[in-house]
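Naming follows writing order (A, B, C and D), and every chain is counted from residue 1.
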Amino acid sequence: MLSASDVIYVLEKMGTVIAENKEYLTELDSAIGDADHGINMTKGFDAVKSKLEDIKQKNIDNIGEILKITGMTLVSTVGGAAGPLYGTAFMKAALAVMGKTEVDIRDFQNIMEGALAGVKMRGKAEISDKTMVDALEPAVNILRESKDKELNEIELLNNVRLAALQGMEYTKGIQARKGRASYLGARSIGHQDPGATSSYLLLNTIYQTVEEIKGKDINGG
Amino acid sequence: MLSASDVIYVLEKMGTVIAENKEYLTELDSAIGDADHGINMTKGFDAVKSKLEDIKQKNIDNIGEILKITGMTLVSTVGGAAGPLYGTAFMKAALAVMGKTEVDIRDFQNIMEGALAGVKMRGKAEISDKTMVDALEPAVNILRESKDKELNEIELLNNVRLAALQGMEYTKGIQARKGRASYLGARSIGHQDPGATSSYLLLNTIYQTVEEIKGKDINGG
Amino acid sequence: MKKLINNPDFVVEEMLAGFEAAYPEYIRKLPFHNVVVRKAAPTKGKVALVSGGGSGHEPSHGGFVGKGMLDAAVAGAVFTSPTPDQILEAIKEVGTEEGVLLVIKNYTGDVMNFEMAGEMAQLENIKVASVVINDDVAVEDSTWTTGRRGIAGTVFVHKIAGAKAEAGGTLEEVKEVAEKVIANTRSMGMALTPCIVPAAGKPTFTLDENEMEIGMGIHGEPGTHRDAIKTADEITEHLLSKVLADMSLADGEEVAVMVNGLGSTPLMELFIVNRKVKEILTEKGINIYKTFVGEYMTSLEMAGCSITLLKLNAELKELLDAPADTPAFKII
Amino acid sequence: MKKLINNPDFVVEEMLAGFEAAYPEYIRKLPFHNVVVRKAAPTKGKVALVSGGGSGHEPSHGGFVGKGMLDAAVAGAVFTSPTPDQILEAIKEVGTEEGVLLVIKNYTGDVMNFEMAGEMAQLENIKVASVVINDDVAVEDSTWTTGRRGIAGTVFVHKIAGAKAEAGGTLEEVKEVAEKVIANTRSMGMALTPCIVPAAGKPTFTLDENEMEIGMGIHGEPGTHRDAIKTADEITEHLLSKVLADMSLADGEEVAVMVNGLGSTPLMELFIVNRKVKEILTEKGINIYKTFVGEYMTSLEMAGCSITLLKLNAELKELLDAPADTPAFKII
């Protein structure tokens, strides 16, 4: 179980990680895009950070509301392709937990289902198009497959982020069919997709931050 | 005494020397001007060269006519400041020997008087304005002073070109008051004037070529 | 990075302030939004045209706001599509009962952001339609991919759809003629030197002293290939052959030509390119109805050019010739 | 040297061929001469305006040939004044009984070549007058020297004298108003990077990555000094303070502003400069009547800009607003 303030903490960590990887993401985008993915994402999460201050001030504990504000902020600050995509992802994720003040691993699955559906609806991309879908869909699949298994939550989140990592790595070998990189045709092969990379970084941040939170929590799991 | 074909030969040599010094003159012009003096002069003397072919073809032996054609060609091909200046110089020089088929050292003085007057009329420059006048006027002064002296012609031409050389060197130390270099104000000090340099090169060519012609001539002086 | 700027983070805002200061007789800027609209917007009784995209392509798109062309232009960050909220403000400011046409260059980001804005506008009961420009033949076209990029041909869409709207066309008619222009416009470009996005501070790509990039995008996206620099005539031949190969232009047909500078290519060079364009088209019996040489869709200070052909018919010619009065495009 | 050219020796001829190909509705080129004239020249009953100079400053001067501005433009080699025979051809082609005004930028070469052409034209019984433009305050003015250079302010002379001629002014009147413009126009420029003359193949000067040249000429002539690059606001302040120091502009007076790009400076940056121009003038209570931002008097691919102010009165305002229709300058 994560509380609203845990969720806020995770979102803040996401901002930190994106900022730390600003140059890296931009570098990746310069090879097959227009060299702005890190810049745009950092701008967006910086804006999210100040919105989170507002949220804390106002003691908003509706996690759906928090994710919706995050999504709307990303939409109106990131721009480019990533803005509408991540924005829609967070806004659709918000619908899955609207009204809730705590979320468990099954809520997280619903969040991720919403996020993935949002990205695919907005971007019309499928797996293997060399986009963030290649990181997100395998991650969601892990959550789906875990449904009937007995798994430690942290272990599961680790598997989720490993699936995203694998998806991110997978984008290196394939040709882009969506987004700016698709204009390169075969020249896009050999380069890792920036959006899949930021998606992995976000899922990795969830895993690491939840582990940190749970480590502090004496009840564990 | 120089014949019309000697004069043609001198003019051809001038073209060769200017072409050889294309980069040098342009380099000088890049320091205090617009880096084209060598380019413009070479273009002009290349055009003169082909006009001289015409002249030879047509057996024109009127030295005044030859100089006039040279001047008009320079005016219509060099452009910039040097075009009207050298063009006018040659056209005024032509007036001094119109109709003559041979020229002696006193004719040469008249030629140079005409050239200098032409440059000064067209450019309104005086000595010490850091222009070609600084090379031409001292050269003309030598010819004027030689009027009553007994001097070997070659020696005299040597003194003429040395005076021009000195004038050219002199331009290094002074501030430009005419032409493009004048826009630099005090920043023009320390640089040698390109036009004074080309004027020296032309007078030096006259000296060297006449010496060459006279060397071949058993009667000497 | 040698730039006449103050702070890389504020270039768009400061540019728009300077743009507004320059052309008060044509446009006004919406306070708090990076949106430029016609001075007297909305124009009652007329379909409104809204376009825009990342900044760095000036005079696109703000320079084309005015009589006979756009009603609003939305400026994103440099080379980054504007966000839906900004686009929505533009739509709301200039929208009329006749509706709004969104003129979008085919980049995933632009398409998605404009689409979201359009959805929001429809929720506010504004009639919205959109067209997507995809004139760049350097990119392979396919329904499985994002398709082609929109580049300089965009300006012809602004001009002709703008004239149709000014003439009282309905939203459907304006959209239809815009699509006619899109279907008949092909472009291709090349770069001699890259450009530097202010916030990045270094070139997006690098080219050797004797290299050029063929078919690169107007945001510095890589093109089809690199090659040793060739003569202007050879480069023109190559670009034009690609453009022509993708159009069905019969002997005797008419085109409009645009030779577009990407930012730091002197007009002199663009005219040298145009000389060869004319030579090649004349050889093929293709008539040039009108030519535009200059900077229309730039890429900051990139050196290079693009060549655009628009195949004309009587209707398109009339609309191309219709008066336009904007800061950067005037037809008298 | 990265340039879209074929042969450095033919750039001017090929440019003019491409220019003629682009604008047959405006101009024609004289065969065998690097002269561009109005399509229907001579214009009977109207004083003719002839200008020109070295090439490399495009759209100056050919781009300003047309209704309400020039009747002919003579193109010299790159950065080199045209020769008198070319200028004479222009004068003869467009000259009318009302006479011809030569509009000359103050460079020794230009002045002498135009002067010689004028002398030749007078021998052929053509009435000729001339004005010499000297707006560049970077250069010290003095009757002992050549005086100031003519730079971007030239375009205001073309526009206003052109309007006066179009309105039926006599040669004396057109000359008088041109001199009024010259007396009230001041400019100053700066460069971030040099340009390369095609025939030379290398930059006329070099600047370090963090250096700029203040007050340089439009042919790459050195300026007043070098300095570390400053912000756009600081640079604008410096240039404008020099310009203002040389004009008597009282509170409430009106000016036209031109922020001119030298070749490779993005419009974005010119607008950032214009933002500060507006701020400073507003502070001083000086009213901006009209602003022109763009490339008017370039220096091939030099990066940098110049700022020009023209002090206006009722007459000059009316003439500035008069219609003009040329390839590169239109007033509707």
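Everything below uses one rule, namely that a contact is a pair of C-beta atoms (placed from the backbone, for glycine too) under 8 Å apart; a residue touches a chain by one contact, two chains touch by 3 or more.
Everything numeric here is computed off the predicted structure, so don't read it as measured data.
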- Item | Shortest contact path, chain B to chain C, counted in steps | 2
- Could you tell me the distance, in whole angstrom, between the mean C-alpha positions of chain B and chain D? 33
- Message: I'd like to verify one number: the distance from the centre of chain A to the centre of chain D, where each centre is the average of its C-alpha atoms, in whole angstrom.
- Response: 56
- Task: Report the inter-chain centroid distance for chain A and chain B in whole angstrom, where each centroid is the mean of the CA atoms.
- Result: 79
- If you average the CA atoms of chain C and of chain D, how many Å lie between those two points? 29
- Message: Quick check on chain D: which residues sit in contact with 2+ other chains?
- Response: none
- Query: Classify the inter-chain contact topology: is it line, ring, star, complete, or other?
  - Reply: line
- Interchain contacts (touch definition) - all pairs: A-C, B-D, C-D
- Per the touch rule above, chain C residues touching chain D in the complex are 2-7, 11, 14-19, 21-23, 25, 55-56, 58-59, 63, 192-193, 209, 212, 229, 231-233, 235, 257, 259, 263-278, 288, 290-295, 298, 300-301, 303-305, 323, 325, 328, 330, 332
- In the complex formed with chain B, which residues of chain D make contact? 54, 76-86, 107-109, 112-113, 115-116, 136, 138-140, 144-146, 148-149, 197, 199-200, 204-205, 217, 219-222, 224
- Show which residues of chain B lie in contact with chain D when the two form their complex. 26, 30, 32-36, 39-40, 43, 75-85, 88, 122-123, 176-180, 182-185, 187
